[in-house]
Amino acid sequence: MQSKDFLAARYTQIREQSVALCAPLTAEDQCVQPMPDASPTKWHLAHTTWFFERLVLEQYAPGYRPYDSRFNFLFNSYYESLGARQPRPQRGLLTRPSLGEVHDYRRHVDSAVQHLLQRIDDERLATLCNVLELGLQHEQQHQELMLTDILYTFFSNPLLPAYREHVVLNAPSETAERDIQWIEIPGGVVEVGKEPRAMDFAFDNEKPRHGVLLSPCAIADRLVTCGEFANFIEDGGYRRPELWLYDGWAAVQAGGWQHPLYWLPAGAPRLAIARPVSQETGTHDWYTFGLDGLQPLREDAPVSQLSYFEAAAYATWAGVRLPTEFEWEAAHDLPGMRQLAQHVWQWTRSSYDPYPGFQPLTGAASEYNGKFMVGQLVLRGGSVATPAGHARATYRNFFAPAARWQFSGIRLAQDI
Amino acid sequence: MQSKDFLAARYTQIREQSVALCAPLTAEDQCVQPMPDASPTKWHLAHTTWFFERLVLEQYAPGYRPYDSRFNFLFNSYYESLGARQPRPQRGLLTRPSLGEVHDYRRHVDSAVQHLLQRIDDERLATLCNVLELGLQHEQQHQELMLTDILYTFFSNPLLPAYREHVVLNAPSETAERDIQWIEIPGGVVEVGKEPRAMDFAFDNEKPRHGVLLSPCAIADRLVTCGEFANFIEDGGYRRPELWLYDGWAAVQAGGWQHPLYWLPAGAPRLAIARPVSQETGTHDWYTFGLDGLQPLREDAPVSQLSYFEAAAYATWAGVRLPTEFEWEAAHDLPGMRQLAQHVWQWTRSSYDPYPGFQPLTGAASEYNGKFMVGQLVLRGGSVATPAGHARATYRNFFAPAARWQFSGIRLAQDI
Amino acid sequence: MQSKDFLAARYTQIREQSVALCAPLTAEDQCVQPMPDASPTKWHLAHTTWFFERLVLEQYAPGYRPYDSRFNFLFNSYYESLGARQPRPQRGLLTRPSLGEVHDYRRHVDSAVQHLLQRIDDERLATLCNVLELGLQHEQQHQELMLTDILYTFFSNPLLPAYREHVVLNAPSETAERDIQWIEIPGGVVEVGKEPRAMDFAFDNEKPRHGVLLSPCAIADRLVTCGEFANFIEDGGYRRPELWLYDGWAAVQAGGWQHPLYWLPAGAPRLAIARPVSQETGTHDWYTFGLDGLQPLREDAPVSQLSYFEAAAYATWAGVRLPTEFEWEAAHDLPGMRQLAQHVWQWTRSSYDPYPGFQPLTGAASEYNGKFMVGQLVLRGGSVATPAGHARATYRNFFAPAARWQFSGIRLAQDI
Amino acid sequence: MQSKDFLAARYTQIREQSVALCAPLTAEDQCVQPMPDASPTKWHLAHTTWFFERLVLEQYAPGYRPYDSRFNFLFNSYYESLGARQPRPQRGLLTRPSLGEVHDYRRHVDSAVQHLLQRIDDERLATLCNVLELGLQHEQQHQELMLTDILYTFFSNPLLPAYREHVVLNAPSETAERDIQWIEIPGGVVEVGKEPRAMDFAFDNEKPRHGVLLSPCAIADRLVTCGEFANFIEDGGYRRPELWLYDGWAAVQAGGWQHPLYWLPAGAPRLAIARPVSQETGTHDWYTFGLDGLQPLREDAPVSQLSYFEAAAYATWAGVRLPTEFEWEAAHDLPGMRQLAQHVWQWTRSSYDPYPGFQPLTGAASEYNGKFMVGQLVLRGGSVATPAGHARATYRNFFAPAARWQFSGIRLAQDI
């Protein structure tokens, strides 16, 4: 078990990181919600705080009274056992409490948590640590969402503002070489999921560790690049139904998809609106929008912000397929594997199903993962927006197949 | 023609009034858009400025260059002749430009307008005055919308914040007496619309003055009160289809209407969320939400924020009808008429059709009124949110029959 | 008052006409509902029968028992006072009762009505005649709808079947001459609406007769032709927002309107699907779909199946306007007026508002007209699908401004 | 390989079975489409015929010309490689071709297929047999859909007509005993999927046979009964979010689900409409609607027409879970297993993912299964509506988790 001091410091560091991520943002930026799935920054700041209040303070701090009883309605996300809540699509209407008041709320709860941590008796310390750690992992997940959601907010603005001129998160600027190297996975029974004896944190959906029987296959050593994806587009990728899943082709047609969400072709009206006098416009074939704003396409960079549908269509076009989540996990430690967790999450062809013997956590935390186990696909790895130390080989990220606003890309696989 | 100095002062006064209305609001409050029809305060501030830039400065100030060419896309409302624009339902996504930048924009344009006004040659002064006055009337219309829209924004917030604790706009706190007095209108040909020789401003939709033939009727001396409307509700008004127009009853059912939009019955869950510990909750039958926040129903106050459908259903329930816009105008100067323009706009049963011989303004201003002349109903009078001096007896306000977020109420009429 | 025998014969003739209209149709054709506004033929046949059952037999025939008590739910259209009903968009799901059973129902009710008519005492005869006549007028309105709705059904079928190879309804095959002649209306007070002393039938919405004050204007002697409308299209009519009302332009964009609903340009994919081997396809610029199926555009024929939005845009393009309903009525008897009632209903710029002193009928019939008096526009005249003798100079037809599936066209007017 | 004569007879038998299923239906019944997923009977009859025309006759019969080239547009379901098609939600608009014409089409194609089969050279016979068999299996799948879809059609009719008074399909009237017996599955590697050497037909999605590693578990010997499901309802099953998946609870709320789709509680308004004078109504707690019309709930019958969401919620309420598709397949031959394939398809918790090494068929048939492998759940077993001989232990049926109109129910499982 971690020491109190270590945990206290870790708590402070992670909570401060959430605030640090907001430095480039105005209060207005942090308030709006451009689509139901992209929550306001301020809401993320408050919701993660509410999580500590309800799951930690209310459970472990005797006599703790809610900072503001109205916040339970405002900042509950989806916990049915914790009461009614603001409908998800309407989180962007919460101009009150103000951003300043939300920061006050954060400080109040942080102080109470630290106070509780110092005074908890030894008997309850271990349980407290578990739930505190859950809260911190939860906060880190929302740190990634804060970035994906503000990026969507800025992309929804005709001015296409940049989050930061020069983005230095945790991604090494590695350059993809031309050809994918195929790394063989021999097949047979492999163990997947969280090692039961390991002390480090894992979500309930990574358990129990169990064997799966793999067929031999090969997995790409690196991610698919923007240049490669541009070839797919130029080869008619978005106009050829035979490359797409049925639901994917329906999404292409209904949404008018012609390229990844954050790509803009030279000559796009949006470019002229955002950069009316720029000399640069039109000299490149593609521009992409990212945390550093509008930039010419970097051919060597991993393609990102793809839906599962787009990833699967690309794989079909390339004559191969996406890996299963178990192939991905089995390949994680193999020599030669690169770009595992620092660039983009990698769609697998595995539906987000429970592991055999899956047991959700108890109490409100039981709603954390298990109830989403239908209709979603597993992503593995980690991204430029994932906090350092958050992801791991057994980590199961998941999104609906049409989700296009995450740092999500492609690693290929094939049967052998 | 007004003197330059008078107009310059009037310009300053009206423009400053827009800013003054924002005093109680945070930048967050001014940014969001709770429904497509309710624009953000910041957008109103910028759009009215853009109106002066495009219709005044660009036309009359030689060499004037747009403050920021991107703003034409952002702040054009519906002027097809002035280029593409931000889709109306997405005005709330404009966290940039910031509120501060919009105020800079306002000051820049104000300065350029004042400069233009001082230097314009006499030949063009008259035309300039006309379009400047149009811009000021336009600004005043948006001042009312700023209040109606921020009220909707606050009502969309579970905390139900107040715009101001004590609202002192321009409405005298007149008390309705119990019984309506019926004022007779004799019938015959009456002249309606703007007097052609009068120097004061009127919109194109108030012209030309023309005769209409009225049948004898009587019109109520005062507005319907909240107490009277509560009787309608208690008599099953929202559950009796025979009282409603076909489209109105469809709206009741589709929207689950049970009372006016901003009324909350004692025991409503929203009351408990907004005021979790208040002692007061539940001791009144109804609460209403207004610029001064949540308040117990004032029985004597004119009922407000009604749709045409609700107004027409009430009139049917009361055994009478709504006036036509011409009856209203004919009654405007009759002795005994009260509450004409300071409380709520009054729905008439008149569709918003063009007057015989109607000619829209020229240029972009031709899109100001005429293109909305289908599917809307005329309201007459003025409201607590209307700037002083803006409304007049011939003024034709108009909204779609389902609109519930305006300061709109009921004056009754009947055949005799 | 009409004699019993006359009325009995008239009843038989009109009821048989409904059945005769179905001769070219299969049971399948008569069952489906291609959009909520276009009801199945079978439903029309049953609903008009139900109308006689509820408003005539149940009121006047002592001891009459409903033919099938379940039919009240199935075939009530919108009469709130007569109970719950099948939702309008789901009328096409009624494969049972079968078409044969509906004809049995018709015969049963017809027999009971005739029996009642022969036995009614003199005292109640006059009232019975009134409501019987209302039922027959109602049946005739549905005869027109049967044709408009089956036409929409056939247009919804990729095979584009014809209702009849050679349509001979009641329209003279009159050819439009090139130039419109403008017929002057002098202005002044004119009387409109149903003559109170006239014995012939009129709906409540045509009453009371009253004076209106007209300004001088001129009205076109004939309807706008397809050839003229083709010029509008070729001049960019559907791409120029300045020609359209705001709601009209929104409809153009949302619906992708490029021409009237039933027009197909040469080269349209629908042509190739419907006539895969036809030699004829493509040798004309336009094809139109009508009761006689797909035909090359007849340049001289009045343009039909237009929405109000399209009619108003055309008038704006032509530099004139649509008439008001009162101008139309005042012009009805003027020398030189042609194509008044045999080709297409003519959109007026008048909203469907109540006449001063309007009193709806009593009982269930009160829901017949009055509750639709919002959001609709008046059409005057009559069409190729209107039963002979049904329309008259004071007749007020009405539809929502986006309705495109009626026999509705354009007569122009202008101020003078 | 089957003999020509055997296959010819099998072809005739299966094709005639489709026609036999329509015996109780009118042409009207067979024409309409009550929701996008429930196609008209006539469309099923034509589409399965089109399948033989395009995949068999066009490929194997030299010089075969399409019966009607327009039918390719009308009766293609979702085969992108075979051209454009009637949008799925609009299949119910095809009143033409008539039912009689579709039967002509069937006879024409049947004759051509039989002729081809007799004359095919030996070299191509094997391949022809494969695709003919695919066409027959396809026809059988549509036979089940014809029943599920007509049932939905009849349920959409307020009269609630019965398909047949006495339904004798292939289901033995077995009575469920009170207590479920739990049958243990030992765990370890089991082989699943189609035996490669077996001669009988299997779809591509059942291949290749491969090993999966199971954990020990137990599976219920019988299906959940209506009586058991009624207990779930009475225990608040549809009102307790903690029992539901997130998407399931959203479906409950959006759809107002309170019981299975085809259940009606005593006192439901629909009962009074359908059976206005029945003495029986209200003496039972529940009525269910099935092929034999409205009947009092049979407590011992397997619950049917459930969505995956409802099945999963029931399992959670019962403290157990649904089986995976591999557990189901492994248990298929175990002693004591009952009600495997004659009553209802059984939802598994397995997403419909491709088997390792999955290869779709070639040509148009490649679109048969693979492109649906996202967002769906696997059902195993077979139902009362499944043609005899169609299902098998390795058969993978699949539907979206919200689908409620199939013969789909619950077999439980649990970890041990």
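Residue numbering begins at 1 within each chain, and the chains themselves are lettered A, B, C and D in the order written.
Everything that follows uses one rule, which is that a contact is a pair of C-beta atoms (placed from the backbone, for glycine too) under 8 Å apart; a residue touches a chain by one contact, two chains touch by 3 or more.
In this text the structure is predicted, and so the values were computed from the model without any measurement.
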Greatest separation from subunit B - chain, by CA centre: D
Averaged-CA centre spacing for the pair subunit C and subunit B, given as whole angstrom: 37
Where subunit B and subunit D are represented by their mean Cα positions, the distance between them in whole Å: 57
For subunit A paired with subunit B, centre-to-centre distance based on mean C-alpha positions, whole Å: 45
Of all residues in subunit A, the ones touching two or more other chains: none
Every chain pair in contact, whichever chains are involved: A-B, A-D, B-C, C-D
Subunit C-touching residues of subunit B, taken from the complex the two chains share: 78, 80-81, 189, 210-215, 217, 241-242, 244-249, 308-309, 312, 324, 349-351, 353-354, 356-357, 367, 371-375, 377, 401, 415
Touching residues on subunit D, where the partner in the complex is subunit C: 26-29, 31-32, 34, 69-70, 73-74, 84, 86, 90, 92-99, 153, 156-159, 161, 269, 273-274, 276-277
